[in-house]
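The two complexes that follow have subunit A in common; it is paired with subunit B in the first and with subunit C in the second.
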Partner chain A sequence: MRYILKKTAILILTMFLISGFTFLAFHIIPGDPAQLILGTSASPEQLEALRHQLGTDLPLYRQYIQWITGFLHGDFGTSIRYSMPVASLLQGHLAPTLILGAMVIAATLLLGIPLGILGAHKRDSLCGHILSLLDMIGISFPEFFLSILLMWIFGLILHLFTPGQYVDYGSDPAGFFRFMIFPAAAIAIPQTAILAKYVRTAVIEELGKDYVRTAKGKGSTMQGILYSHVLKNAIVSIVPLIGMMIGSIFSGSIIIEQVFGIPGVGRLLISSVSGRDFPLTETIVMYIALIIVLTNFAVDIVIQWIDPRIRLNG
Partner chain B sequence: MKKRLITSIAALAAALSLAACGSGNGAAGNTAASAGTAQAGDTALQADTASTAEETAGKDGGTFTYGLATELDNFDPFTATTADAKSIYFNIYEGLVRVQPDGTFTGAVASDYKVSDDAKTYTFTLRDGIRFHNGNPVTTDDVLYSIQLAIDSKINGYDNIDKFEATDDKTIVITLKKGDTSFLADATQAIVPKGSDDNHELAQKPIGTGPFKFTEYAVQDHVTLDRFDDYWGTPAHLDEVVVKFLASSSDYIVNFQSGAIDGFTADASITEQVDKNSAVLNVGNSNAVQALYLNNAKAPFDNADVRRAICYAVNPDDIINLVDYGYGTKIGTAMIPGLSAYYDDSLASTYATDADKAKELLAKAGYPDGIEFTVTVPSSYQVHLDTAQVLVNELADAGITMNISQVDWATWLQNVYTNRDYEATIISVDGATPSPTAFLSRYRSDADNNFVNYKSDDFDAAYDKAVGEVDETKREQDFKDCEKILTDDAASAYLQDVANILVCRKGFSGYQGYPLYAVDFSAISKD
Partner chain C sequence: MTRKKKGTEELRIGAVLVGVIVLLAVIGTFWTPYGINEMSARDKLAAPSLLHLFGTDNMGRDVFSRAIVGGRFTLLVAVSTVAGCTAISLVLGLLAGYAGGIVDEVIMRIIDAVNSFPGILIALVIVSILPKGSYTIIPALCIMFVPSFTRIVRTGTLQYKNAGFVRSARVFGDSDLRILLIHIFPNIMPLLLSTIVVGLSNAILAESSMSYLGLGIQPPTPSWGRMLYEAQSYIFNAPWCALAPGFMIVLTIVGFNCLGEGLRKRYLT
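Moving on, here comes the complex of A and B:
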């Protein structure tokens, strides 16, 4: 229980630090949202009037204090760029990103873990070598390049989907999933490869340990040892990796949404940064950070539940 | 704990770096402009045998999906003054008058107008039976409200209004403080219903009198425009236009090939990649002045001979051929060919490319070993980045070293345009209204937007003379005199008016070019 309390305190501190870092980043980068809205033909009077209307004439630290006070009260403020409440903007953009993330996580776990075990089990056979090779290829493909390749092959040549033609999940769920398979694959392929490689290494390491030899000596089958002992031990070193992967999946999603034209949180984040939209950027960063931090929090709990030794060190 | 902090920060860092290289395509690359006659580069270049003959006889109906690499987020004609926003709401809003393809003006919300001889009094007659998209008839109250809004919003030219009134329920009289023959260009500013923009509601819900009405806006995705059936003029052919926002200009080709969009406007480096069998390319000008802008207040560019040396060292023809596939129009001064009455095309040949002459001038200015400087280029504009690459080589021949620094659009606006903290930059400068003052006023010593820090008493005097002149022929010559001063002083190294090419899928026709940056959807029809 003390462990959980301590972790929670660290979680809250992390969130504060992240919002502070975002504020600092905004402080450093040049750019004026009013000038971005009005363009080059704006007069100084026009700019001043708009700055006052938007509230960006206040120093940034006061905008930060204003935003964080609101945030703690559940009010995320008003987007500068879109002149609408941040909360309602996010509402429309969260679903595609979360569904994309869920698809990627599901695909990665369902494929990465079995492939890793298979690779470890058959490590000396041809099958194992082929899996290692595929792993290397998968890891070396950048998501950006992979997504262009997928669009070209499945979109422009095979016509399995229309690149750029995002289908709204509300109006056509089947079409939505059909479209989302490809961006999900672009993120999932490198992640699956990384996970498979990690699982393979962890399993091979466990297989070399004394208890496996002992079990073998007692006459247990390889399959039996693998599933009843080795996997349980290997998983302790795999679970933290999954926590880390959530972060990569979200940063991957930022790029992929841009490439595939998905109106999700990632794309909104980019346009909020390029529009120097402080309240919107802060809120999105907090959302993403919260998801990442919470998953890692969950991972910590799961690990210490699997392996009580961690609790002593925690 | 460190790890997850790092992952979160990594996500933010990815967003920041993407923002630095993505999207953009804001204002200055494009434009607005004219009062002269027909536009130089405005010939329709047909990739195949398709002809424009049927464009007037186009059939009605259909949806046209237009791709736009700039995400529009504000449709208030009094605050959204970026070129891309204007190019779209050109179809939604109309002013008392509107610009025609040849650059002259014709009545829109006003059916008729009169200008007094001293160009001080403008009398407009409200068009009979004209209605807003919400169904209400347009009254003089709406017009007076819109004029007041333009004054309050500090719209260009409206500070010159002395008084404005409705003398009866059909007539609006605007009296100017100083005579100005180009006020008609300012009278293209949108007329909106009274009270409709008290709290900037038009930003999300535009109401105008144009051929298309605004029906739907999905943030970051698209806006939908429907044909306005009660339009006072020739109704549009298309039932519907969907303006789809793309993340960056590199998405045009994929989206066009996949069928996600039916058309887009871009520069030649992108449109050259289009499969010519499936598309018609309509070449027009961007109506903006592309130049290697030099900060006249920073050494060594405070020396006119150094600036002239740069002009001799660059070769605009090469740039047009290499960067713009030969489609751009070479210019030698800060005026667009589209404003033909005011444009002096002889200035384009003032500085014939000559590296030796450039070296000579540099030596004379006290730089016998050449100079080195940094050019700051907004990364969202491929055409300016490409131009910079070509310039590096051209300048090297004259012993000039130019380093390229890429920045994102917001940074460029702040550091270069507003704070004037730069040595040189490459950009296309547009005009706020279709008038010569929009292009030349920024060179006045005291202008707020004189981002090149150009200072010349001769120019200031010549400019004031031109603005005060009410005789149209004399006025044209006066503005040409201003241009000559800029060219002789080498205020900057002027290059070209970059070509702006509208790509349409075969099956759509009816491109209509204007001497300003606009896409006229009402002229497009589906075969």
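Moving on, here comes the complex of A and C:
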């Protein structure tokens, strides 16, 4: 219980810092928004009136409180570029990103963990070679180059999908998934490589421990040891990595949506950055950071539930 | 029997790859086979040949010339980013590790909070709030790498803070600053060096992603990321336009990673 309380306190502090940074970044550094909206030709009276209307004449902490209360109530402001509420704009772009993320997570877990275990079990087999190839691609191929290659080979040469022509889920679910396999692969391949390598190292490390030798001495089979003892212990070091991967998957999604022309949150974010649409950028940034912090919090809780030693030491 | 020193293989491959890329970039500063913005209506989308080593793009510009000049900017951005980031992280990391207590707690909490944004998101935020310009990318990437660098410096500092030679220096009356600079800093150098080299490869990756998104170096100055973006629309007719900058990025990253891995194996194990 004390552990959960401590983690919750850190969670609240981190969220406060994140919102503080975001507020600082988008409300203080860019300068006076009234000036930005009205331009240099505005009279002092006009500026004063708009400042009052926007609330930027209030002291900083009042502005922050106003902003954060609005945010917590789902009022994210109005997009400058699209002149519509950020909330409804976001809603329209959420689905493709979430589905893409879910596909990537599923593929990564389903491939990465077995590949890692196999790699540890049969160190010098075909699987080991596949792993080292994956690993090299994962580390040194930028995601956007990988997606361009996938698009070229599978889209233009093999005609498995039409690059650049996003299929909406509502109009053609099968076509949608056929299209999404490729962007998902572009993010999942490097992530699978990282996860598999990590799992492999964790399992090999566990295999070298005393209890494995004892079990062998008692006559257990290698398979038995692997599944009943080693994996249980290795999972403790694997779960935190999955928390960290959520962040990389979001970063991947931001770039990949741009490459494949998927109308998701990532694409919205990039267009808001190039168009200097601060309210929109700010909301998306806060959203992603909060999701990541919450996932990591959940991971911490799950971990201490799996392995009580952490609770006692931390 | 003499045994090869650890990591020699990686260091050799890394040095060759990085050497070639850097050499090309240096040559590109003084001379390129064609002007980087020299267009030729006759040679649009020409396949690689002896005249145009990597072919030409949709405006008839020589891809090889653009690739080596693009590399120069990418390397320049990466080196400045990592230099700035190392300086900031050394101050923060040494301070947090050596002072401990409340100072450590405050610095690390802030670092953790920054770290909960994915790297590319930090870069996007900085690029969007700073005035537009080709070099906005440098502070953006710099801040993106500060958390991980600071953590590494701090860990290294903690490791030596209570070592015998540091305690005896303290007994002899050395000031804290002297202990940090003369006794602790040289010991974390090997760790820092391999971090810097791997950091360079990450910075190159990040720079090319940002310029792919159109948020890095602005055209008409070529950069690898932007060249890939432009080549994407005619990749079926002219794959060389995408493959040339793409594999330049890959080889540079492989080169720096090999160097980093070799350094780590030789000095840290």
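Heads up, the rule we're going with is that the second predicted complex is superposed on the first by the 256 of 314 C-alpha atoms of A that agree within 3 Å, B and C clash if a C-alpha of one lies under 4 Å from a C-alpha of the other, contacts with A are read in each partner's own complex, and residues count from 1 in each chain.
By our rule, a contact is a pair of C-beta atoms (placed from the backbone, for glycine too) under 8 Å apart; a residue touches a chain by one contact, two chains touch by 3 or more.
Source: prediction; values computed, not measured.
With both structures placed on the common chain, the touch criterion links A:N233 to neither subunit B nor subunit C. Once chain A of one complex is fitted onto chain A of the other, the partner contacts of A:I254 extend to both subunit B and subunit C.
Of the two partner chains placed by superposition, subunit B and subunit C are both touched by A:A25. By the touch criterion defined above, A:S132 reaches neither subunit B nor subunit C.
When the two structures are aligned on the shared chain, A:P142 is found in touch with subunit C, with no touch to subunit B.
In the superposition on chain A, contact of A:F278 is made with subunit C only, not with subunit B.
Counting residues of subunit A touched by each partner, subunit B versus subunit C, the larger count belongs to B. Within the superposed three-chain model, A:T201 lies out of touch with both subunit B and subunit C [touch as defined at top]. In the overlay built on the shared chain, the residue A:Q165 is in contact with subunit B alone; subunit C does not reach it. Across the superposed pair, subunit B and subunit C both touch subunit A at residues 14, 17-18, 21-22, 25, 29-30, 151, 156, 247-248, 250-251, 254-255, 258-259, 269-270, 273-274, 276, 285, 288-289, 292-293, 296. By the touch criterion stated above, subunit A contacts subunit C in their complex at residues 13-14, 17-18, 21-22, 25-26, 29-30, 136, 139-145, 148-149, 151-152, 156, 247-248, 250-251, 254-255, 258-259, 269-270, 272-274, 276, 278, 281, 285, 288-289, 292-293, 296.
Per the touch definition, subunit C reaches subunit A in the complex via residues 109-110, 112-114, 116-121, 124-130, 205, 208-209, 212-215, 225, 228, 231-232, 235-236, 239, 242, 246, 249-250, 253-254, 257. If you check the complex, the residues on subunit B that touch subunit A are 1, 3-5, 7-12, 14-16, 18-20, 22-24, 26-28, 32, 71, 73-74, 79-83, 153-154, 156, 200, 203-204, 218-221, 244, 246-248, 251, 254-255, 257-261, 408-411, 413-415, 417-418, 429-432, 438, 448-449.
Chain contact summary for the complex, subunit A toward subunit B: residues 10, 14, 17-18, 21-22, 25, 29-32, 35-46, 49-50, 53, 81-84, 89, 92-93, 151, 155-156, 162-166, 243-244, 246-248, 250-251, 254-255, 258-259, 261, 263, 266-271, 273-276, 285, 288-289, 292-293, 296.
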